Amino acid sequence: MIIVARKDIAADGLDHIRERVEALGLRTQISIGETSAIIGCFGDDALLGHVPLLSIPGVDSIRQVISPYKLAARDFAADRTTGVQVGSRKFGGKACLVAAGPCSVENEEMMKATGHAVGMQGAALLRGGAFKPRTSPYSFDGLKDEGLRILARVRDETGLPVVTEVLDPRHAELVAGHADMLQIGARNMQNFSLLREVGQLHRPVLLKRGLSATLKELLLAAEYVMSRGNMQVVLCERGIRTFGDEMRNTFDLAAIPWLKAETHLPVIADPSHAAGRRDLVAPLSYAAVAAGADGLIVEVHPDPGTALSDGDQSLDFEGFSRLMRDLKVFAEAAGRTV
Amino acid sequence: MIIVARKDIAADGLDHIRERVEALGLRTQISIGETSAIIGCFGDDALLGHVPLLSIPGVDSIRQVISPYKLAARDFAADRTTGVQVGSRKFGGKACLVAAGPCSVENEEMMKATGHAVGMQGAALLRGGAFKPRTSPYSFDGLKDEGLRILARVRDETGLPVVTEVLDPRHAELVAGHADMLQIGARNMQNFSLLREVGQLHRPVLLKRGLSATLKELLLAAEYVMSRGNMQVVLCERGIRTFGDEMRNTFDLAAIPWLKAETHLPVIADPSHAAGRRDLVAPLSYAAVAAGADGLIVEVHPDPGTALSDGDQSLDFEGFSRLMRDLKVFAEAAGRTV
Amino acid sequence: MIIVARKDIAADGLDHIRERVEALGLRTQISIGETSAIIGCFGDDALLGHVPLLSIPGVDSIRQVISPYKLAARDFAADRTTGVQVGSRKFGGKACLVAAGPCSVENEEMMKATGHAVGMQGAALLRGGAFKPRTSPYSFDGLKDEGLRILARVRDETGLPVVTEVLDPRHAELVAGHADMLQIGARNMQNFSLLREVGQLHRPVLLKRGLSATLKELLLAAEYVMSRGNMQVVLCERGIRTFGDEMRNTFDLAAIPWLKAETHLPVIADPSHAAGRRDLVAPLSYAAVAAGADGLIVEVHPDPGTALSDGDQSLDFEGFSRLMRDLKVFAEAAGRTV
Amino acid sequence: MIIVARKDIAADGLDHIRERVEALGLRTQISIGETSAIIGCFGDDALLGHVPLLSIPGVDSIRQVISPYKLAARDFAADRTTGVQVGSRKFGGKACLVAAGPCSVENEEMMKATGHAVGMQGAALLRGGAFKPRTSPYSFDGLKDEGLRILARVRDETGLPVVTEVLDPRHAELVAGHADMLQIGARNMQNFSLLREVGQLHRPVLLKRGLSATLKELLLAAEYVMSRGNMQVVLCERGIRTFGDEMRNTFDLAAIPWLKAETHLPVIADPSHAAGRRDLVAPLSYAAVAAGADGLIVEVHPDPGTALSDGDQSLDFEGFSRLMRDLKVFAEAAGRTV
């Protein structure tokens, strides 16, 4: 159940509503937008029938949210303009934000070179994995703490906020201490301990869709994070696993407009993992933005041929430069900027 | 094996090459482009080693085509500018062609209304099913012969060429006698009798990808048609069957650039069947064109709420008008027209 | 709607009911079992309300069949003991019937050798393809008419009834003239023209599940055949297409008990195509029978290493002999015979 | 690379080999069977070329293991008879072991009732979830610590060892302190932090296949556990996610014999989650055992209609009793016991 109040309701008014609801044993969550404020009520909804909420000054209406996700549902957001702030940029605004960088943080030099190069081309964030999930226990799994420190230093030098993956709930605080945005990878989309942990931090979360997750499951995973108080979630379509054998994954483009209709959370795409092939990254990127994506996360490496992981799908600096140039044209066609 | 000859090779020269190759027991197929001519040779390639082909005037080179499809492979086409002509329009040129119309031909009046409406908005073809494949034997399966006659009359009145599905090899000639383009539906992508039959006709073929067909299988299905002499094939991505349950199918957008890289055949998208939902047709269309599609096939109905089939995914005239208006912007961003 | 009558209702009584129902514009189909007779009524069910059917002597009850398939639904069969007769054997009785033989009819000698060998081991039918569906137009696609004649001669010599695939509605009568059972392959499960055609013949049909067909779609495909009057349909689970890449297909074993609960039609399994690997054929066969399958169709070749198609998944005679020996043990555990 | 030594090689001999290998910077893992001992060597294999290993007394041969998993590969095991011991029973021996119990530990009374009932019918283990992974953050997620304590008390009373899921690496020791076997659920199959954690404990692990995991990925997940020193891993096929919509998951039966051929680890099946329907649990169980499974894990609840989770797929005590009775017959047909 959500209570919709007028935007100009006084802070006292909101407090009053919250107290009344919480006195019934329900939990509340408040979203303040430009035209209204919304108080989400969680618990035994039926109890709300005992309180004359509509007679409280400033309360406009009370609505049942029937989707299984409450906080992530589009109905919940007072308006969509809020977005998710990372550094000085915002996911979900007019601009499509591009996060770019290598699969793995390999060393400081390559991260600096990449940070400067992608920043100059208009990337909004630098990506790079310090803790790497690898299918085999014998593969390179990242520089770990040292990788985090490199990321933090490159952020300081380039001014680009950094996004990196967290794999283990015990590392969540550590990663949050170095990175500006926490990535939950596809394999961990239903690692509920990890979701709850990042839900207690004050860091924006980039939540990737699992390989065989339905879109409802993705929204419920976001709900895990949000239900712990961290409302700063950006969703990411990165390809699903199907019978198709010509590409690494099947890019489920329609997930983007479907999610945009269903949730107020920003939605971005990862064309690199979806395709697994460098030459398809650009057309998938243009398509994602044409379909309404709020941004992209793209693998870029100074020398893809020598990358420790995901070399086949990484762009070099020149390829990224061309991508950004043409992406601007499609963003403009979509009424957006890059 | 393909033999590449200079474009200006005399007709006599081509005949000479063909005779030499066929004398070895191989079959040939010729493609003439703007810069070269290509002679495809099918059968026991090794025999070609016995003929001094490179010494024939006008022969530039001999190349092995290692993909399992020969005529559909990009290497085969002398150049890509050829395209597939339907009426006065051409799939595979600068313009993205849009085929629009109802799922089923329901009656003459609605077809005329639709033909005029979509033609005015810039559609290049009128679509409509006379023979309908239906999962249940108890569902409406089309007006059949009468549907074909309606299509032909509406084409004559509106000037729009018509595309309609053929389901049965025994109907292929009949359908070809009324329609400008023959559609092979997803369920029949590997109906080899039907593919061979339309391969013997002189009508362009719109070949839809099967629900669980790999892209290689799609190209081999095209090869069935082409190996019978009909080179006029347009491929269509229309969504695949996956675990996803929020939409009718999963739109495999990456198939479009993958196919464009692999074959010289034009590639279009069917956003209506992919999504199964009216509100997703526009974003999927924009994405398809951004990713390089040569056109679209879209379901449009005068009154989707009363449609005999596929009403949920059909646009009304106003929706189609908005789609075409915005599609132009994305086509332009892609360096194309509509 | 189905009308359930007592078994001992006179032929006159059944005729009377049929006439009353057909006078309303509905079609009828009659199934006579050991304990009751059932009259299926197809068309506008509501009209039946105007006829006092229950007052007709011998009519026991009237039931609504709410599944989308009517004739295939378990409710329709007067009882399950009917089964599908092929030669002197019956699918759906106590015995699990095994059809065995090569993928393709390669020549008369190998068919005779195989027929004698598998017959001696207890196979109930001989399988072998005369018309072969092939993904590529350049692959061997069967001996066609000559293959049919070979099959007929081997049947005459060995006494084993033969099952072979029909690909084209124009060949249905020809194939039915030589074979005892008509196979509809996975790729043609929704080739509705072909289904209708075999629905008009008096030959049992072996209907294979499509690669990505749901079980409801399989039953609706059977309904196409049955709605044309041919009730002799045996269903076959042969593996579906999934993300799995270790085997040719994913054997959907649970389809067997699901179908047995939902339909009165016999259900068999094809472990050879499901696995695509010789060493898995035996365990899949045992499992199918343990789960309630009414039989198997297995690829057997005198010399799998030289087979023109599907050699990797074919058993040799010795392998088939071992399979049959152990299968008997599992059939007995399931209360069946082989 | 693995070094195969004669079984009777002295402990000194093994130590000597290990020292030589480790001196090169490689890690080692030893498996001692009834006929031979195997020393697995991990790291830069090429270095082994510098040591004359074959001249060490007792060394029989050196083999390259080319599969991506080393310890899980069938080649690694000195022999298959080892199995995985849980309490007084062993997975991978002649007996098929059945773990049975409710989805969730709901209270002590129902656990005791279930423990006694399933134990009496021949179950080898009691299952029950204390920490439950739930798609929605608002669903019941288990009694946690209290659930563990209940399990331990019921084990003490009934004598049945208990298996329960661990979700979070921080709980691994706690769970291992109460349970006899640690379950890694399907959603956590690639939770590498968790796999590494249970790899350091001395408790057998029941590793369930992920919803869209290939079999190679399952074996690599086992390899994560084993590479940390815990070789006691039992694999479990529990259904995969496909396009099928009639059942909860698609039971990939062929995974069982495929895995048995590829690894020395025991393999069991979970028919309850695969089917999601009570009436299919028995046929899937029989099929699993017929195909070579080393056991089952089955959901049983005193009153499935009131279960807090998974009620639709839980057997009641009578259903479980029938299952066990008939399972014995199929186990015997497979040359096994229950």
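First chain written, first letter: the chains are A, B, C and D, and each begins at residue 1.
Quick note on the criterion: a residue touches a chain if its C-beta (ideal position, glycine included) is under 8 Å from a C-beta of that chain, and two chains touch if they have at least 3 such contacts.
The structure presented is a predicted model; accordingly, all values stated were derived computationally and were not measured.
Trainee: Between A-D and A-C, name the chain pair that shares the greater number of C-beta pairs in contact.
Mentor: So, comparing the two chain pairs, more contacts are at A-D.
Trainee: Centre to centre, by mean C-alpha position, how many angstrom separate subunit A and subunit C?
Mentor: Computed from C-alpha means, the inter-chain centre distance equals 51 Å.
Trainee: Would you kindly tell me how far, in whole Å, the mean C-alpha position of subunit D lies from that of subunit A?
Mentor: So the centroids are 35 Å from each other.
Trainee: Using the touch rule from the top of the page, what residues of subunit A touch 2 or more other chains?
Mentor: 212, 241-243, 245
Trainee: Once you've mapped the touching chain pairs, tell me: line, ring, star, complete or other?
Mentor: Drawn as a graph, the chains make a fully connected set, so complete.
Trainee: Going by the contact rule at the top, pick out the subunit D residues touching subunit A in the complex.
Mentor: Interface residues on subunit D, with respect to subunit A: 42, 68-70, 133-138, 141, 167-170, 187-188, 190-193, 196, 211-212, 217, 220, 223-224, 227, 241.
Trainee: Taking the complex as given, what residues does subunit A use to touch subunit C?
Mentor: Checking each residue of subunit A against subunit C gives 212, 241-243, 245.
Trainee: Given the complex with subunit C, which residues does subunit D contribute to the contact?
Mentor: 212, 214-216, 240, 242-247, 250-254, 256-258, 261, 274-275, 279-280, 283-284, 286-292, 329-330, 332-334
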